[in-house]
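Here subunit A shows up in two complexes: once beside subunit B, once beside subunit C.
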Partner chain A sequence: MIDVLLPEVSALTGLLILFFLSLSDNLSDALARRVTLIWSLVTVVCSFIALDQTGLLFSESYRIDSYSQLFKLIIAVGLFFNALLGWPLRSIPEEQRTEYYLFFFSAGLGMMLLASVFNFLVLYLAMELVAYSVYAMVGMRRDRTESIESAVKYFLVGAVSSAVGLYGLSLIYGAAQGLTFGALVEALRQGTVEPRLLIPGVVMVFSSFLFKLAAFPFHVWAPDAYDGAASPVAMFLASVSKLAGIAALFRIVYLLHPFLPRLETALGVIAILTMSYGNFVAFRQKSAKRLFAYSSIAQAGYILLGMIGFAASSPQAVMFYSIVYLLMNLVLFLVTLALEESRADPEISSFAGLYKRNALLAFSLMVSLFSLAGVPPLSGFFGKWLLFSSAAEQGHIWLVVLAILNSVISLYYYLFVVKAAYFGDPDKKYSPLPSTFTARSAAFVLSVAIAMLGLFPRPLFDFLTSLNLAQALAP
Partner chain B sequence: MTAGLMAYMLISVTMFGLGIYGLMERRNLVGLLISVELMLNAAGINFMAFNYYLMPDKVDGQIMTIFVIGLAAAEATLFLAIVFAVFRYYRSINVEKVDHLRG
Partner chain C sequence: MSELLQIKLTLTTVLAPIVSFVLIFLFFLRQHAIARWVSLLGITTSAACSTMLLWSVDSPAHHETVSLPWLLPGDINFSIGLLLDPLSLVMLWIVALIGTLVQMYSFSYMEDDANQAKFFAFISLFCFAMMGFTIAPNLFQSYVFWELVGLGSYLLIGFWNHLPSAATAARKAFIVTRLGDLGFFAAILVAFAGLGSVDYAGMAAGKNSLWTASLGGLDVATWTSIGLFLAVAGKSAQFPLYGWLPDAMEGPTPVSALIHAATMVAAGVYLLARNSFLLTVGSESCVIAWEGIAAIAMLTALMSGAVAIVQNDIKRVFAYSTISQLGYMVVGIGTGAVVAGMMHLFTHAFFKALLFLSAGAFIHAAHSNSIQDIARAGGSRLKVPMYSLLAGSFALAGLFPFAGFYSKDAILEHLLVEHHYIFLAAALVGVLVTSYYTFRVIFVMISEKGDGHDHHLHTGAWMVPPLVLLMIGALFSGNIWNFAVKHWFSIKHVEHGNAALITALVSSGVALIGIYYSWRVFYKKSSADPMEKMKGLANVLREKWYLDWSYDKLVHAIYLPFTWLLNRIELRFVKGALDGIGTACMNVARGFSRLQSGEVQQYFGLMLAATAVVILLITRL
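Up next, the complex of A and B:
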């Protein structure tokens, strides 16, 4: 039993350790960070060991399969890099840093649960576990008045969206006469579902999910939250927290699509609107974190488009792009955090002359931005190609054409940052940008991974194919 | 659907609608929290009613409602903590005064 739940147990143990550490008053934040780092590494190892587990636990409420286990591994790796690169938590007061790591693990636990949910109650609990932890993390920053404002806005919008989602769940419960996903699929198959309950319910639950992914029209919170939160928290939101939402949403979409044909069209249109909105508004941004927020909105749009290709290739495409998405966003925020050495919340102009100040960081930034834009030899290109081709196989040619246009447009504002970093002149009093050994080696490893997955995608792709994700997702 | 279930659903829809109305009309952070709680409890009523009328021999809906009540309490705690912090910085809990960031 315990080895089936190894990743969750590991995250829970981390949470408990940090909880007891945070009770003591005279604890240095460096120790909390070291414990978090070690324990997130343990979680990575545990997720790796549990990779080939399967099972349906707790009266068919919690499903362990290759899909969930791989997502847990991705999330664990993301947590590890967040713990590694987030340090030092500059704009969070010292006495709260232990608590930051406490919420770090509780959010991590919630995200792992989200990858495996097979019951609406578990779905709601896991979502709220992530959400409450993240609300607290966003509100921790104290060096700027706007930060508490962004926390309260994020909380309110989030609470409303989860209340709407919960109401939707209650309608689905009435329609399916049960809380497990299995009961819903069974009821749909037998046609005993009351559509007047099911359709509003599904719409409400999906709008709550779209909020979590910051998809159009529920994206408004994202730029404010990224901007107002401390940069390590913004990194957390942009990397792992979004992936967990994708994991749970994709499972539900995959279960429901044979019975709700309109779902495909609706999600396709939302995907296009999301990426167009993210890309067009990103043009006008001056703050780096806001730009990255809009860019991550656009990226969620691409993943949503890949979801609606229900061809056999779709789960691999979503999984591949999720991995690449994590790597790219980690690099973006790694560079942003390095720039915060001199100034909190760097603007795009702060990237000027980065090449002269720190060539390695500038290079990894360029690799990751080109990959986000989908420039050919990099993994972002291959990932997008997989997403788009799985949508095209399903016959959504027009949506794919619009998505390709979008990714061409996005190249413009990504290039703007690259141009600043490589050809812009740093301030007169510029100095070499110091970076820690950790940041340098992480930047190197991540950008090499982004490049290698693009040049040689075959091994990872074959591995994903061998996991039989489509079968894992089927009811 | 029986008449009794219909009546409960009517109550819950009304509560949900009142919650949304409150979200649009209220300018006070605590008022907004109360509106969200109304929406959560509307969902709770739905769970109980469906459980009672459609599946009287199961307890799924009741368990769900207990969790909803617990989470609503946790949510209120966290939200009020943030409202305290807002008050300390802005000397007000009116949402119109707490509006500097631009999406």
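Up next, the complex of A and C:
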């Protein structure tokens, strides 16, 4: 059985290693980081080995299929890059840095579980595992009082959201007489479900997902948390944490949509509201991290829109965009972290003249921003095209039109950053921006990947098609 | 040769120069010495690989396409790939070979230039673009590289961008050829709409009924041909779009040699040859369209040949001669003699590169472009350039045993055999004019013995080997084609008696008359310059048939008022509307931001209310 659960076991082992390491008082954070780096690489390898496993475990509560395994691999790669680039943890007190890596793995384990959950209770537990780890990570920053405030707010809002979700779960249990997804689908098929119990329950569970994805209007925590948290934590939130939410939500949406057609419309409207909200409010941001927070809200909207296209290509589209989304956000935060070396909290104006200060970082930033805006031929364009066309195939033409308009609007603030980086003059004394070899090579590799996946999307797309994701998602 | 090896060699050939380009741009922009060697190494690799590839062309029918799907999905399928057949492999070889010689020559020519690393980077890019174009298996990929060729020429013609004339010439070259490219784009759309495929193989095998389907009066094949010819007229400088080519002389001379011999202008002729199957698939109207193409080309050949008579800038003489020779090639291809047209492109590449490089040697030594100035500075004492100028001139005039003799006669012979008598007569007039202006340069040069001052004239060390090699090419490339290359193409041999002998004798005779007359006027000075007598004609020729002048008028009369109008509309309406949208967006943003109040209670309210609203909407509706 261990080979079926290899990624989870690996993350759990990492968690235990870091736990014992953190018990020691005089452990340097550099060592903890190195262990995390190595172990996250091990997790990547484990996830890769376990890629073609299948199974339904623990009395049908945990499902291993190509969909979950691929998401685990993506999450593992995301964890690895976070460990690699999320460094140094300047604004986190030294004695807590080892614990940061401890929570890093506990959140990682939760995310792996989320990709595979097939039971509402397990779902709840996995979500809480991720949530509590992330609350702790966000709250670790101690150099500003606002960040503690934002961590507390995040926790409070999160607690309400998870209470709503838990209540919804109890309603579903009442309606379906069971907690596994399979039981619910079976009950729906037989028509023995009381809709007045089920629908509020499902909506409430979804609301806690939408909270995780920072979809409108459950997004309120995101800008504060991104801004208040240490930048490596913001990177963690924007990249892997959101992907795990997408993984679980999409599985449920895909299972339930034949029985609850109106859910599709509701999610579509929320998708449009989310992207519009993210894009519009991003206009007015001055802080880089807040801007990226709103940008990632908008991106979640695009993915939500792709989810409700239940065409055959929809799982590939969501998967493709998740991969691209991960790459793009890693680059954004990588550059932000490099800028942080010279300033406490980078604003958009601190990107000014980046081209003159560090051409490689400026270039990778540009590639990633253009890709986020969906400019061809970068992978963001292709990913969005897949998402939108799968929604359009389902007949949501108007939603797609609105989404395209949103892409146009988003170009404005993305270009604003590019403009600052390329044409702005660095303020006062301009100095070359140092970057580590790791950051440089990661920036190069990631931006090349972003470009190549756009120019030659076929191999990845064919690979995703060959995984037969739609079948994996079917009950 | 195995297929895989062949593909690898082709990829190496094409990609080596772009690797040089990237390397120079990333690392050696200030290390000139390294940059030029990197560049030369790249193009030499291409030359070596493409030479090896020539051995793989063993049978006439050899034809191979490798392609990868590129853009996704649906019914539209664009692919990128390689097309390997005799036509593309021979062309690839010419580009790589001439590219190598020109770059070698540039070592001396550009030795004092402060930006020479950039020059070598650009020239590598240019060669890459042309080779990518050569092996493209479909119209779409051709189009991409076609535009890259245009970009390369723009960068190189305007290389000395501190000179306003060079910047203007570069812009002119780019814009005028872009005009023609609209035709290319239209041709792609038409072919795609009609055939559902833009693969050359697929197009050639396309059903006749698809090609002859009517589309707004004419059939698909005709529209495609017309669109493609527009593109060819731009790149290969045919009437009425040839005005950019003489101005392109503003670039460094090696660039002129490359543009005139193997890259830019050759691209158009090659495109036409590649698509010559259109002649056989279309209907009557398509055949007429190709006749029209040939007629325009013939007109171009005569018009530009006449202009060359009155030019005093040595490079401009050769520039106009290029336009007129391109006219011959297009006449050949337009009347169905694809192989003869390509043969003329092949030999012309050698002797025109030779002529430009020797002109460059004179200019480099005498610091002037004018024939008279070079003659006064004692240009005729430069041994190697003088011999190469002579060899190139003989080839250009089409005299036995030089290469131009064989290739030009192949076209003339075709015209005779296929009964295109008007074209034949016009072509013979062209031969007369060509030999007259070509030898005018030589006789003006040797009629002056220099003004006695001992100018320090010398030929750069790196200039000699390319000149000598090209001289050999100017002598033997015709024979090489006849003995080796010709058999790779599957052409049916037509029995035509004495046609070859007749055209050879007549055209040589005509050329000799031209040379004799040129000798009398410019060397012996026993006859008056005919241009002195025909002042009116001379003026028209000096004004280049008023073609540039009319473009100028057209721009002022139509284009500029139109842009003025658009500008007004833009400022009055478009900008106002856009500003309005911007302000509206900002207002929406301000409204949205109010939600982010920072009050946790309000956040709770918002989330719970949203959940409740969704539940209500789903259950009640």
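Here is the rule we go by: the second predicted complex is superposed on the first by the 475 of 475 C-alpha atoms of A that agree within 3 Å, B and C clash if a C-alpha of one lies under 4 Å from a C-alpha of the other, contacts with A are read in each partner's own complex, and residues count from 1 in each chain.
Heads up, the rule we're going with is that a contact is a pair of C-beta atoms (placed from the backbone, for glycine too) under 8 Å apart; a residue touches a chain by one contact, two chains touch by 3 or more.
Everything numeric in this text was worked out from a predicted model, so none of it was measured.
**Q** Counting only touches as set out at the top, which of subunit B and subunit C does A:Val164 meet: first, second, both, neither?
**A** both
**Q** Taking the superposition as given, does A:Phe423 touch the first partner, subunit B, the second, subunit C, both, or neither?
**A** Neither subunit B nor subunit C is touched by A:Phe423.
**Q** Just to be sure I read the superposition right, which of the two partners does A:Phe280 touch: subunit B = first, subunit C = second, or both, or neither?
**A** After superposition on chain A, A:Phe280 lies in contact with subunit C alone.
**Q** Which holds for A:Pro457: it touches subunit B only (first), subunit C only (second), both, or neither?
**A** It touches subunit C, and subunit B stays clear.
**Q** Counting only touches as set out at the top, which of subunit B and subunit C does A:Leu156 meet: first, second, both, neither?
**A** Touch partners of A:Leu156: subunit B and subunit C.
**Q** I'd like to know which partner A:Arg262 touches here: subunit B for first, subunit C for second, both or neither.
**A** second
**Q** Just checking: does A:Gly139 make contact with subunit B only, subunit C only, both, or neither of them? Give me first, second, both or neither.
**A** The answer is first: A:Gly139 touches subunit B but not subunit C.
**Q** With both complexes overlaid on chain A, does A:Pro223 touch subunit B (first), subunit C (second), both or neither?
**A** A:Pro223 sits against subunit B and subunit C alike.
**Q** Going by the contact rule set out at the top, does A:Leu125 touch subunit B (first), subunit C (second), both, or neither?
**A** Touch partner of A:Leu125: subunit B, not subunit C.
**Q** Per the definitions at the top, what is the overlap between the subunit A residues touching subunit B and those touching subunit C?
**A** Subunit A residues touching both partners: 153, 156, 160, 164, 220-221, 223-224.
**Q** What residues on subunit C touch subunit A, complex-wise?
**A** 68-70, 72, 585-586, 588-590, 592-593, 595-596, 598, 600, 603-604, 606-608, 610-611, 614-615, 617-619, 621
**Q** Touching subunit C in the complex: which residues of subunit A?
**A** Those in contact with subunit C are residues 153, 156-157, 160-161, 164, 195-196, 199-200, 203-204, 207, 211, 217-218, 220-221, 223-224, 260, 262-263, 266, 270, 277, 280-281, 283-284, 382, 409, 412, 456-458, 461.
**Q** Applying the document's contact rule, which stretches of subunit A touch subunit B when the two form their complex?
**A** Touching subunit B from subunit A are residues 120-121, 124-125, 128, 132, 135-136, 139, 145-146, 148-153, 155-156, 159-160, 163-164, 166-167, 169-171, 173-174, 177-179, 194, 220-221, 223-224, 227-228.
**Q** Any idea which subunit B residues touch subunit A in the complex?
**A** Interface residues on subunit B, with respect to subunit A: 1, 12, 16, 19, 23, 29, 32-33, 36, 39-40, 42-44, 46-47, 50, 54-55, 58, 60-61, 63-64, 67-68, 71, 74-75, 78-79, 82-83, 85-86, 89-90, 98-103.
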